[in-house]
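Submitted below is the structure of interest, expressed as structure tokens.
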Amino acid sequence: MSNFFESHWVLSLLLILPMAGAALCLIVQEEKSRYVAMLTSVVAFAISLPLFWTFRSGTAAIQNYVSVPWIEAWGIGYTIGIDGISILMVLLTTFVTPLAILASFTYIQRHQRAYYAMLLLLLAAMIGVFVSLDMFLFFLFWEIMLIPMYFIIGVWGGKRRVYAAVKFFLFTAIGSLLMLVAIVVIVYLYYRQYGVITFAYNDLVQLPIGRDLQFVLFSAFALAFAIKVPLFPLHTWLPDAHVEAPTAGSVILAGVLLKMGAYGFLRFAMPFFSHAATSPVVVGTILVLSLVGIIYGAWVAAVQPDAKKLVAYTSVAHLGFVMMGLFSLTTQGIQGGILQMVNHGISTGALFLLVGMLYERRHTRMIDDFGGIAKVMPVFAASFLLVALSSIGLPGTNGFIGEFLILIGTFQKYPVVAFIAATGVIFAAAYMLPMVQRMLYGEVDREENRVLSDIGIRERLVLAPALVMIVLIGVYPQPFLSLTSASVEALIEQVEHRAVSAPVQMGVSDLRFDRMPILGIDE
Amino acid sequence: MIVDFFFVLFAVMAIGGAAGMVLARNPVASVMYLVMAFFALSGVFVLLDAHFIAAVNLIVYAGAILVLFLFVIMLLNLGRTEKTDLRGPLYRMLAIVSGGAFFGLLLVMLRGGHVTSMAGGMGQETMDAMLRARGAVGVVADPMFRSYLVPFEITALLLLVAVVGAIVLARQKAP
Amino acid sequence: MVNFLESFLRVAQHADGGYQPILPGLILLFPLVGFVINGLGAFLWRDSKRVPSLVGPLAIIGSFAVVLANFLAMHAAMPHDPAIVSLWTWMAVGDLSIGVDLQFDQLSVLMLLVVTGVSSVIHVYSIGYMREDPGYSRYFSYLNLFVFFMSVLVMGANFAIVFVGWEGVGLCSYLLIGFWYENREFASAGKKAFIVNRIGDFGFLVAMLLVFTHFGTLNFVEVFAAAPETLVFGGGVVTLITLLLFLGATGKSAQIPLYVWLPDAMAGPTPVSALIHAATMVTAGVYLVARAGVLFAMAPVSQATVAAIGAGTALFAATIAMQQYDIKKVLAYSTVSQLGYMFLAVGVGAFTAGMFHLITHAFFKALLFLGSGAVIHAMHHALHQVHRHDDPNDMRNYGGLKNVLPITWGTMWIGTVAIAGIFPFAGFFSKDEIIWSAGSYGYTVLWVVSILTALLTAGYMTRLMVLTFHGENRSGADVRPHLREVPAVMWVPLAILAVLSVVGGWIQIPESLPALPAVDALHHWLEPVMEPARQVMTEHGLHQAHESPLGGGEAVWAIMSTGLALIVVMLTFRALVHRRYRPASESETPTGFAGILYNKWYVDELYDRLIILPLLALWRGCWRIVDVGLIDGTLNAMASGTRMVGWVGSLFQTGRVAGYMFWFVTGVVLILALLLL
Amino acid sequence: MILDFSSPIDYLWALLPEVVLAVTGLLVLTLDVFQRGDRSGPSRAWVRWTAVAGVLIALLANGYLLGIEAPLRSGMIAMDGFRVGTNFVILGATLLSFLLAFDYLRREGLDVGEFYFLVLMASVGMMLLAGSRDLIVVFVSLELMSMSVYVLTGFNRRDPRSSEAALKYFLMGAFASGFLLYGIALLFGATGSTNLALVTSEVARGTADGNLLLFAGVALLVVGFAFKVSVVPFHMWTPDVYEGAPTPVTGYMAAGVKVAGFAALLRIVTVELAPAASVWTAILWWLAVLTMIVPNFIALAQDNVKRMLAYSSISHAGYLLVGVVAGSSMGRSAVLLYLAIYAVMTLGAFAVVGAVAGEGDSRGSLADYRGLGWRRPLLGALLAVFLLSLAGFPPTGGFIGKLYLLLAAVDSGHVTLAVILVLTSFVSYYYYLRVIWKMYFEDAPEDAPLPAVPGATFRFAAVVAAVAILVAGLFPGRAIRTAEYAGEDMSPRQVTPLSQPAAPAGVIETNTD
Amino acid sequence: MDIETYSLILSALLFAIGTVGVMLRRNVIIMFMCIELMLNAVNLTLVVFSRSLGIEAQVFVFFVIAVAAAEAAVGLAIIISIFRHYELVDVDRFNLLKW
């Protein structure tokens, strides 16, 4: 059995199972589809969970690796595997999805089969993104992911769902398209250098790319990832998408999808273009944008009348922290960043779940429509409070660990940046607590709110894992940190080494950019 | 000299016929102008030693095709002058400017180019010799049924398609 | 797992002088278990009072017992180095390694003793005070959780763990201030407390970052040992670190400019005010400064700042206390003021004096709060029974209560005298040492301010007593018959604290006082901890003078101050006891200078206008103008612009063949022209 | 089998697929006479299935071509992998068109033998066009194709839109033919032969000399083809004609004509006229840019799905031009693969549009697609797949095609084109997505008529097409290999000029080398 | 006088006149005739070239004429077919399909 967990089959199964589940969802009866989806996602989680223990944390090597030729003409392979950077993301994905599905049981009334099929498809795509070690495969999953999300927002979303869905799709797509060109350019450069077409990550990452060209290609990658993260000022799709998406959509969006941007930076943009990624211009820009995200996200969140939108803007702030950590290029910063991604996935996911539960009862998300909920829904209120505290990074909850490590890491290199970022802890309190207060506390001054029922067994089951994780990671984060450390250290070493060793040739001029051809001038 | 004279004559006729066709308000007159232009062109063909083509041009084009046009004009009862048929001044200017620019550019390109004859080309003498040996029809017929057998067969299909198409489209009753 | 348990219960790594921490984990475990049981109870057996009444106080008393045992053991061994108990590794990333480590040294054990001791008393008191509250179980769970976090704060062996406790107590404070969350204002006060505290926490956090960057560790032992070598005396780094730490302290300990939350924090149940907002949590800042004494000693600028802000706060808050009518508000400002004293002490370098006042203040301020709680409790009951909605906190509704609440009256007078600094009560010794330190270290202005504040303290406390207990009763004829002395479960704690308020000061009696045995217990006790700081100070030429700035030794000024205080008390009493006050509902709001004081110098309004409103406007602007307007506006404009371009483009598609042909020919012309270029 | 073209029967073998189709066409026409008693009634099933069978046999025959060797090199029709490849695409498109058209034809009362005959003839023209290496064959086969398609466009004579489309197409087409013909004539003058296989050195010399006759010839030739494949600014007929033509014809036209036109353009321009690359690159580069940008923007403003798809089809011509501009064998492979995928997806899309449009082709506006995805799940899903593929979204074939084009463009140094390609694709996302959101995100009004359930043949063919698209997106290995083979296996250029220019010895040309 | 060159120019001129004519006229039939003129102008070019380049040009002309004939048949059929709908031949009025 342990062989299974050390083989690629565990990952392959994680890809196949949800797709099979999705197909099954479409076939079974409308009311049964939810159970199929739930079962599938729980099994997927059960399969992925042992990875936590079977993963060898002492090494930076890729594990559960397999590389099967797939499209040999282009050197594309079915190459998957995990290392310290991706394992937490995979676990996060399998962890969050069952919760999202369970949270949808009563929320989703129309077209249930399609809904659950889409969710499972999304699950497969998300795992695919995190385990892919082939640029083609990665891009495939990266893009496929958009489709179910587009549908989830568009079909089961709120009033402005079409606008939100299209905005989400187009925003994300523009970045990925330019990234596609960059990938193609890398593949071409590799081909010129070694005479082989390949999309394999392990090959391409070896390619020495000229310094000036690195900036161009990095920009393309960075745009794709920055939109997904999202970095200021590319974040405006996020509030709309979150607000309009059904609860499960928001949960997965916040819980997993946003992580892909940061993961992309870590996995692809930084190793590929180490010189550019460590250059003062790029680091400066990203740090400044992250800072703006942290501060500005918190500010804007603080004045939102819509609870869901508020939570959405907090994501901007949190992911700003993550990006800051990653680009500090210190062990603490990056490990903190990775852990913070997990934390954000759990906490913000849980917040969306909670807001969703209220929405199901009252069909409104306006903060002012509530008040005194703690009286009628004590369990809900307690959970909400805990999650909110985690979101503002109270020590003892998971949120603190990530933020603290990020700040420690960043401070060693960029003290001023970390200093300013640390003010985020104040603003975090300034947006979260007023919401808590306005929604949970005070007298129940609306008749509708007086009869609200506290969360039931199913909803408690949805929340419990998240709450447990919030405290667990907050108190004992070391197992999670240990998983990532070897890979992160190797990554830093690699990036720093390659930043210096990047060649001057193989640059933009080697690309032979086409001039606008006019006869006679063209060669 | 005499050739030059005839060439100028035919050229003027052709240009006049073409212009007349474009400018004539009455469709029937247009057809007649075009017939004149085709006649003149056939004359030029003769001057260029393409006797068979000249004949075919007269028979098929001027004789058959234009008669068909005339026939359709009559059939549709369009043989009257339409004031609005010629476009207004703005459009006229646009058309003439673009057409003139096109002609100007063509002229520049024709003058700047040169005819290439492969492997020394055929030349006037060879041409004359071939004409003498096989006759005006023969020189054309031989390659057409040997080298150009395939396009010839394609043309056959093309004509069949035209026939079937004409029937399909112009049939009285809708299918 | 076994190792973990072992370390949790017994083993210390840096044992010294034969001292081994005794059951260290239990100190934390008891309150935590109490929190869990009571917390579950809040949901599961909401109406049962028995379990919380039992579990809540017992958990703390258990904790206190363990602490006491440790204290005795330590007292016997008197180790020189702290004992560290490592529970588990919290975060180990790269060269950063933070353990969940507990530090047992004289400072922490002393502080623990105060915390758990006072907590025990207040827990017991709460049984009576909160008996009829529907959130009984919840209340005890919060209170237990508070003690847990406070213990973490005190015992933490590194900055990070202390920070856990630091924010944890803030959380509990938030929860308890907003305990009656149905009242929007109360909840709002909790929120305010949290956010203001967070500003301070920001300072603490950044200080930690700085410490780690320069020391590579956050462990107290290593940091303080390395500090004199690693950092430059009076240098920018250490000054920055200490100032940031002090920013944290101003938040937690309610100093200028972050004191504004504490008076509002009185929204919580009174025992909470006694425990958290008087005796324990708010003193954490003082504790922190004392803990990081070495660092502060190395940063004269910071020390001066601490002292100045402490003195300033002391005076400022005292003036406000003079004109408050809410009994708890008076006590709250008094607390702020007294905390200012403590900062003055640690600021001038008299860390032990600061700790001393911290301890005595814990006793008499807890006593005063509990006493006021008893008054409020009695008033509330009486008002409740006649269905009146007057404010049971407003002193204008009291008057002449000494007859109905004799025990409360008596104990509270003890507290008042103690806080006024009258010999031989606890406050006299501690306050005197502070004033003397300020004077003898050469802070003349602060010294004068401290004396002035002492007089104000005596004044407003006497005013409080008079308004509450003396004169005529103003509660109304219908209410009066229902007023009763509080039950034993409430007055016994009062009595205990009263005793402590008397004897608490005797642990440290300066030798200069005539006719008294010199006791140096506290100094001696804290010596191992405070030694390095003092060393740094002496090395850099900071000496305590033997005369005050105006001449005269310690004894002279001690006698003079107690005499002055006594005179102020008596004068105030005489002046006020015959004044006729009217009940709150019939009084006008004070005007003139009294009005300004009544309105707390309008600081809250100022903050509102100058900071909060502009910030909110800015944030709203960010959202509406930048986000919605600029970014989304641009994008939407681009989108609609694109569609517009498409629409314009489609206009070329006129459906007229001639047009198409024109474009066709134009295309040909352009292509030919391109070739000719 | 080795062909030496000593006997006419060898021509037959070499042109076997075309011949099979032509014979089938005649057979269908003949059968129709006997199968349709009343001339106004529909044909019987025999006619339909004969046509289908003919295409199937032609497919077999086309496979058989792979085994033929012909040592002579300078024929009028190529004998190489590229021709076989394009033939497969064209025949596949024809077959798919037939299968998808049955429902529509029956509904609109157009199910008569002539339809099949004309489609078959058009296919013959397409295949010959794609394989031709002689300008005369180019012209004649192009006319064969065009003429059939003109008639097909106007096939629904009861519908004025159909007639109008036919007229516009015909006028513009004939007009463009004039330019093409002129180009051919000038090229002939500049190189001395209509046989492109023979003129390499002349083209090279003419390019070097700056022979403007050659330039003009190339330019006008390119214009002629640009018209056929609807390249901006010669595209303006396309939206009108695509909208007006009977929907199956539109699909067939969008797929087949474009495949044949691009195949011919590729062969003539990138192989036979390769020495003149500087000339046609200069032209096609600009045309590619224009063709990617203009239609994608205009399509945003469309409310009629069919018309929107027409603009989409124009934009695809732009993408394909990128591959042509690349000019390398990789570019050719990319274009070929893209053409194959494009043919399937565009046929599928138009077929669904035809099915949704209902009686009289009346319901084609976007609003008519509201709720379709839930009311007719199969149609909705099919259209979604085809549209996503047209948008170039993974895991569909459209993505693989675009990726291949990008690779080819970057490989040949045209990074700017690659960037424009993806940016314009991005613009196109909007209008493709819009259909999808109408289908799934909005609800149909209460009284909206439900589109009829399509027939079994349609369902079968459409599902096969959709699956093919997905397979092409996920497992394109074989397809890429085939396209690579076809792109490389183009007729080698003739090095030694023949001494007998007027008498090319053979029609057929070899793929063995 | 080199009549070959002048014939080429004549051919270009006729072609251009045909182009202009197509754009100028509204009558479909006359537009169509203009196109026929264009084709014939090309024929002239081809014939010129046949003098120096060989007889295959004349073969080509023959094909062009055949194609023109077929085109005429189909084109006129289309004109008749649309005339049935509109009862006129003004190309600008056939304007259902646009934008």
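Each chain gets a letter, A, B, C, D and E, in the order it is written, and its residues are counted from 1.
The rule is short, and it goes like this: a contact is a pair of C-beta atoms (placed from the backbone, for glycine too) under 8 Å apart; a residue touches a chain by one contact, two chains touch by 3 or more.
Small disclaimer: the values here were computed from a predicted structure and weren't measured.
Spelling it out: a chain qualifies if it touches chain A and also touches chain B; which chains qualify?
The shared contacts of chain A and chain B, listed by label, come to C, D.
Which chain's centre, taken as the mean of its Cα atoms, is farthest from the centre of chain E?
Of all the other chains, the one whose centre lies farthest from chain E is C.
Taking each chain's centre as the mean of its C-alpha atoms, which one lies nearest the mean of all protein C-alpha atoms here?
Central by C-alpha mean position: chain A.
Where centres are the averaged C-alpha coordinates, which chain has the largest centre distance to chain A?
Between chain A and the rest, the longest centre separation is with B.
Distance from the CA centroid of chain A to that of chain E, rounded to the nearest Å?
Here the centre of chain E sits 63 Å away from the centre of chain A.
Between chain B and chain E, what's the gap in Å when you average each chain's C-alpha atoms?
7
State, to the nearest whole Å, the distance from the C-alpha centre of chain C to the C-alpha centre of chain D.
80
Quick one: report the Å distance separating chain A from chain D, using the average Cα coordinate of each chain.
That gives a centre separation of 42 Å.
Two-or-more-chain contact residues of chain A, please, as numbers and ranges.
518-520
Please output the residue numbers of chain E that touch at least 2 other chains, ranges allowed.
15, 18-19, 22-23, 26, 31-32, 48-49, 53-56, 59, 63, 67, 70-71, 74, 77-79, 81, 91, 94-99
In chain C, what residues contact two or more other chains?
Only 650, 653, 655, 657-658, 661-662, 665-666, 668, 672, 674-676 qualify.
Can you list every touching chain pair?
A-C, A-D, B-C, B-D, B-E, C-D, C-E, D-E
Report the residues of chain B in contact with chain C in the complex, numbered from low to high.
Within the complex, chain B contacts chain C at residues 87, 91, 94-95, 98-99, 101-102, 105-106, 108-109.
How about chain B: which of its residues touch chain E in the complex?
Listed in rising order, the residues are 3-4, 7, 11, 14-15, 18-19, 21-22, 27, 30-31, 34, 37-38, 41, 44-45, 47-50, 52-53, 56-57, 60-61, 64-66, 68-69, 72-73, 75-76, 78, 82, 84-87, 91-92, 94-96, 98-100, 102-103, 106-107, 110, 115, 117-118, 121-124, 127, 130, 139-140, 143-144, 147-148, 151-152, 155, 158-159, 161-163, 165-170.
Where on chain C is chain E touching in the complex?
Residue list for chain C touching chain E: 650-651, 653-658, 661-662, 665.
Spell out the residues on chain C that touch chain A in their complex, using ranges where they run on.
Spelled out, the residues of chain C in touch with chain A are 42-43, 88-96, 160, 163-164, 166-168, 171, 174, 178, 181-184, 187-188, 190-191, 194-195, 198-199, 201-202, 205-206, 208-210, 212-213, 616, 618-620, 622-623, 626-627, 631-632, 635, 674-675, 677.
Which residues, counting only chain E, touch chain D once they are in their complex?
Within the complex, chain E touches chain D at residues 15, 18-19, 22, 28, 31-32, 35, 38-39, 41-42, 45-46, 48-49, 53-57, 59-60, 63-64, 67, 70-71, 74-75, 77-79, 81-82, 84-86, 91, 94-99.
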